[in-house]
Amino acid sequence: MYELGVVYRNIRRADADVAARLAPLGSATVHEAMGRVGLLKPYMRPIYAGAQVAGTAVTVLLQPGDNWMLHVVAEQIRPGDIVVAAVTAECTDGYFGDLLATSFMARGALALVIDAGVRDVKTLHEMGFPVWSKAISSKGTVKATLGSVNIPVVCAGALVHPGDVIVADDDGVVCVPAAMAAKTLQAASARQANEGDKRAKLAAGVLGLDMYNMREPLAKAGLRYIDD
Amino acid sequence: MYELGVVYRNIRRADADVAARLAPLGSATVHEAMGRVGLLKPYMRPIYAGAQVAGTAVTVLLQPGDNWMLHVVAEQIRPGDIVVAAVTAECTDGYFGDLLATSFMARGALALVIDAGVRDVKTLHEMGFPVWSKAISSKGTVKATLGSVNIPVVCAGALVHPGDVIVADDDGVVCVPAAMAAKTLQAASARQANEGDKRAKLAAGVLGLDMYNMREPLAKAGLRYIDD
Amino acid sequence: MYELGVVYRNIRRADADVAARLAPLGSATVHEAMGRVGLLKPYMRPIYAGAQVAGTAVTVLLQPGDNWMLHVVAEQIRPGDIVVAAVTAECTDGYFGDLLATSFMARGALALVIDAGVRDVKTLHEMGFPVWSKAISSKGTVKATLGSVNIPVVCAGALVHPGDVIVADDDGVVCVPAAMAAKTLQAASARQANEGDKRAKLAAGVLGLDMYNMREPLAKAGLRYIDD
Amino acid sequence: MYELGVVYRNIRRADADVAARLAPLGSATVHEAMGRVGLLKPYMRPIYAGAQVAGTAVTVLLQPGDNWMLHVVAEQIRPGDIVVAAVTAECTDGYFGDLLATSFMARGALALVIDAGVRDVKTLHEMGFPVWSKAISSKGTVKATLGSVNIPVVCAGALVHPGDVIVADDDGVVCVPAAMAAKTLQAASARQANEGDKRAKLAAGVLGLDMYNMREPLAKAGLRYIDD
Amino acid sequence: MYELGVVYRNIRRADADVAARLAPLGSATVHEAMGRVGLLKPYMRPIYAGAQVAGTAVTVLLQPGDNWMLHVVAEQIRPGDIVVAAVTAECTDGYFGDLLATSFMARGALALVIDAGVRDVKTLHEMGFPVWSKAISSKGTVKATLGSVNIPVVCAGALVHPGDVIVADDDGVVCVPAAMAAKTLQAASARQANEGDKRAKLAAGVLGLDMYNMREPLAKAGLRYIDD
Amino acid sequence: MYELGVVYRNIRRADADVAARLAPLGSATVHEAMGRVGLLKPYMRPIYAGAQVAGTAVTVLLQPGDNWMLHVVAEQIRPGDIVVAAVTAECTDGYFGDLLATSFMARGALALVIDAGVRDVKTLHEMGFPVWSKAISSKGTVKATLGSVNIPVVCAGALVHPGDVIVADDDGVVCVPAAMAAKTLQAASARQANEGDKRAKLAAGVLGLDMYNMREPLAKAGLRYIDD
């Protein structure tokens, strides 16, 4: 359940350096490194292709059709943060545009992840401020009802605590709990180191069937080859 | 993020009596009493109309197309519990049918809330075992990959801790944190007591405009009446 | 475009008797009689099966997550009316429950058609107050922003003017413009009179192919029968 | 790919008795007996609860918004058949109502499975003619473009050949290829015989964990129990 | 309700210069300037990013799977027009491709807004003819049933009269009634003039909380800051 | 119904040259040339714009959340093939990424068409390996359950036999049965030859109404022009 009308100012952020080093690994590798958990639903899409970021989460809970709290969360942003916005009901309205993006960038935010809609997407692209959202919509919002800032929120099906690391790219968005960040970086890096070697073999024509020793378990599971 | 492959056996359940008394108040009243938070997404629908229950949550995290952990969670059920099942990805398969329902009922479960599909719905109705789900599907599942039992889960967009109170009826499903249960019961009861009086007035033709003193704030907001 | 913050009090309603006689004809027959236009989108579903009504529209435009104007529209209801509610954005919140239904019934409303969510559906069923909606949701709403009453609205893709006739049943909802109501009643009645005869023939085993003389146009269109 | 403008008159139907005996086993058991394949997508829902049928498929391919071929297929129906209707594009229009149902019943059809919309659902329920469909809609259709009858069709994601057995109930719809019908009946019957015993044990409190000997494989997969 | 089988030739278009000056303001600013109304649903998306247009609406009502009337509407296009196409039922077929686009461009059309599907999108992009649609689909259509041209239509949930101004960009599509166009241009221009100043302040680090004087109303609404 | 656990090694592929010559014609023209059939549902979208390919299908049936069989199908790929992947249930998981793409490319595959999700889409774009999919998702998969390779599959609503020709571009994906490939190439080429002429006329201002002689049938259907 959500606590309403509160702003937590002193959150504990994951290590900034760890967050930064998770970015180039990407959401798929990080998600695998965590044991295939932590993903936001795949309806969250980037408003433009190619952005790849990681940062510490400042969270905000919004009311439907009301973006008041986005102004409140702006003050809590520190350089290297990613704002994660949840809504108390399903909503596709355009909560965020180029003015708020200007403010967020001035505060040092790297990106916005919002389980609702945004607008001014052409300008946001030109500004280089990446957003992952559920919708794009010109629909404006009011400023009438309180939500909260820096409480744990559920965004697109994933639980995000303030200070967790968010990794986002063209494949989606993953949340790494602060306490797991260092360990996840290690596992994800190992995983990636491993991939270069595999890629070279596969490019040379080696089959995954052989490289991963799958032929025996497949046969054991009953796979039959038919030649007629 | 989710911890995989663990079963917590000693969870702290909300007071059983408080849970039982929340049932007749219903999900809408309870949701209002909590400040309009705690709801699962409205795509969660009962498999038959008319059931209205409240109980303490035992939670289970499932893998896509795999219902192995439903057998694991069965052992953790105590009388008065409601099983809350989340999946690590979007899935509509039929994870649960009459055999598992027989087992759950034998353990004292009151209901299942599952962010996926179920089957044997005609038999479940005859057995009187209510289910709130995202889908109905004959599609069967495998038993191959571990999830967890009694960890905090995100089910249909709502965070549910083991031991929280779940209130479910034809309007939807709401989660009341264990620590808030007693206070919520009080607020919801007060709210309901209040409603009988209002209902009588409205039935007698009194308008909400007058009963709630809305005419002045509406006029102040600029509402104009036009008679041509 | 919508005019906001206005309530039109003196609307011209279609003939009440004509409206009443359209009800038993049903939405499909009426829709056909109008030339296959006037339907609301099929995502509009009754909250319980079996209701079949027709009445004159009083319209209301709502803001997302805000049911203030439902109290304003209540005052404009006259016996035989059906309230048609549109929202300025996509929203599934529960705008309407048993208290508002009590008020609407006291004013003589026959039904509600709302392009959003409702709640207390079990009680609404017991009260016999039918609703056609896009969703069922416990999610509550605020009272903060003005919409309008008795302006033309687009509800679930259909344009509805105040005073139009609404015909709703298990198949869906159709809007008959006031100026077309009498003519539509005539055409729909003729159509239905015609159906008894057809039904008897079809029940006796006559094929539609013969009854409607379709064999020749089908052959002309190139239909071939293959017997191997 | 589809052959257009043809009607195959002499199809080979699966054994009628086998089909009849598959009905009480239900779609979930039959689907499991086939190795978890053959299901139509879960968006196919019955227009009323409680119907449970099995019959031999006569198939029809329809054009969007055009129900001409439903009259053509009517002539090909034999007692015990279920009509399976596919559309060449996504469409929710109401292709089928009480008149066509009267004709289908007079020909001996047991049900309709249609990847589109139907109407007159209240009357269809009263007539006891079950339909599984993607939508309910008053929207009428034209009669202008040819499709085909008794060609293989893809209906809701499943390939259906004329003469296959269709099993449909509240859980969904499954297609059993004619050549597999007898074997599937045997496997499904064995499966069900088995279930009575399991149900009794589970009702007596035996856990699936023990009945299915899952404790060892779960431990081997790494499941840990935590007692604090 | 829709009048079928008619083409209105002499519609009254909004001032062409006003339309042209609305284009650079964009759909979000124009929508705000009108009081947050007039938007088409956000499922309407451009087939390629970056186009930004405004023009006067010529409207067309299509039948499902039938693009006959697009040829009829072509003749009614004048330079500076945007064709707005609605369908009498939900449909994703590809009604429009490069040949029709060639014809529309030859007539002076600036864009197409269609509540259905289009195809040849790569070629349309190369031609520089922007389209906002609900879907992209290769599915072809027939030419068999009449709709209408230049009647009021509901397109993606918005009422559009022939001659209204359509403003479309990457954020969506908004309809400005002809009678409101001049006033809306004024309000939108004022709004935008205002934005440059705000943007500079926000870029300099001034918070919206201060620039919009939100701290007091937030405190009054009960917002609490917590520092632990 | 699907046969599980089998790999057919000796499939008969459509003529490679015919396949190659279908590519530049595109999915819309090919679909029209086949009589408007053979299309996959329009939810199948390219992961990046601009790719246009045609090749012979090797098919694979996958289990939900399990990509084991993608390694099995890799071995069956020959230069000029397109892998067509279906799943036994609805699933959006990311079955395929840059490592598998490296392997597929090394084997000579031209593209992947998958009724599920993929990941590493930025890298796939850089590699120039086109994919048409239902979703993009970082969600990983397991390797535990058998499907099949080179059996007929239903992918996004279309029946695909191994060896059929797949034509895919920005408009969608169409399947041409091997036996129809040569004839379809002829019809599609004729159709396209025809288009250059039409395009020139339309660009010169000739109306489709005149070029296609539509005025008479439109008048006959009752179209009326109104000049007031």
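List of remarks:
Going by the order they are written in, the chains are A, B, C, D, E and F; count residues from 1 in each one.
Definition applied: a residue touches a chain if its C-beta (ideal position, glycine included) is under 8 Å from a C-beta of that chain, and two chains touch if they have at least 3 such contacts.
Predicted model only: the values in this text are computed from it and were never measured.
In summary, the chains found to touch both subunit C and subunit F are A, B, D, E.
Counting C-beta pairs in contact across E-F and across B-F shows that the higher total falls to E-F.
At the interface between subunit C and subunit D, two copies of one sequence, fewer than half of the residue numbers in use appear on both sides, so the contact is built from largely different positions. Subunit E has its Cα centroid 31 Å from the Cα centroid of subunit A.
Per-chain Cα centroids separate subunit B from subunit E by 40 Å.
Averaging Cα coordinates per chain places subunit C and subunit E 27 Å apart.
Listed for subunit E are residues 36, 39, 42, 88-90, 92, 137, 139, 145, each touching two or more other chains. Because contacts link the chains in a way that matches no line, ring, star or complete pattern, their graph is best described as other. Interface note: chains touch in the pairs A-B, A-C, A-E, A-F, B-C, B-D, B-F, C-D, C-E, D-E, D-F, E-F. Residues 63-66, 88-93, 137, 139, 142, 144-145 of subunit A are the ones that touch subunit C when the two sit in their complex. Interface of subunit A with subunit F (complex): residues 26-28, 31-32, 36, 39, 42, 45, 49-50, 52, 169-172, 174, 195, 198-199, 202-205, 207-209, 212, 214, 218, 221-228. Across the complex, subunit D is touched by residues 5-10, 48, 68, 71-72, 74-75, 92, 94, 97-100, 102-103, 105-107, 117, 119-122, 125, 135-140, 143, 145-146 of subunit B. Residue ranges on subunit B touching subunit A, taken from their complex, read 1-2, 4, 34-39, 41-42, 88-90, 152, 154, 157-159, 175-177, 180.
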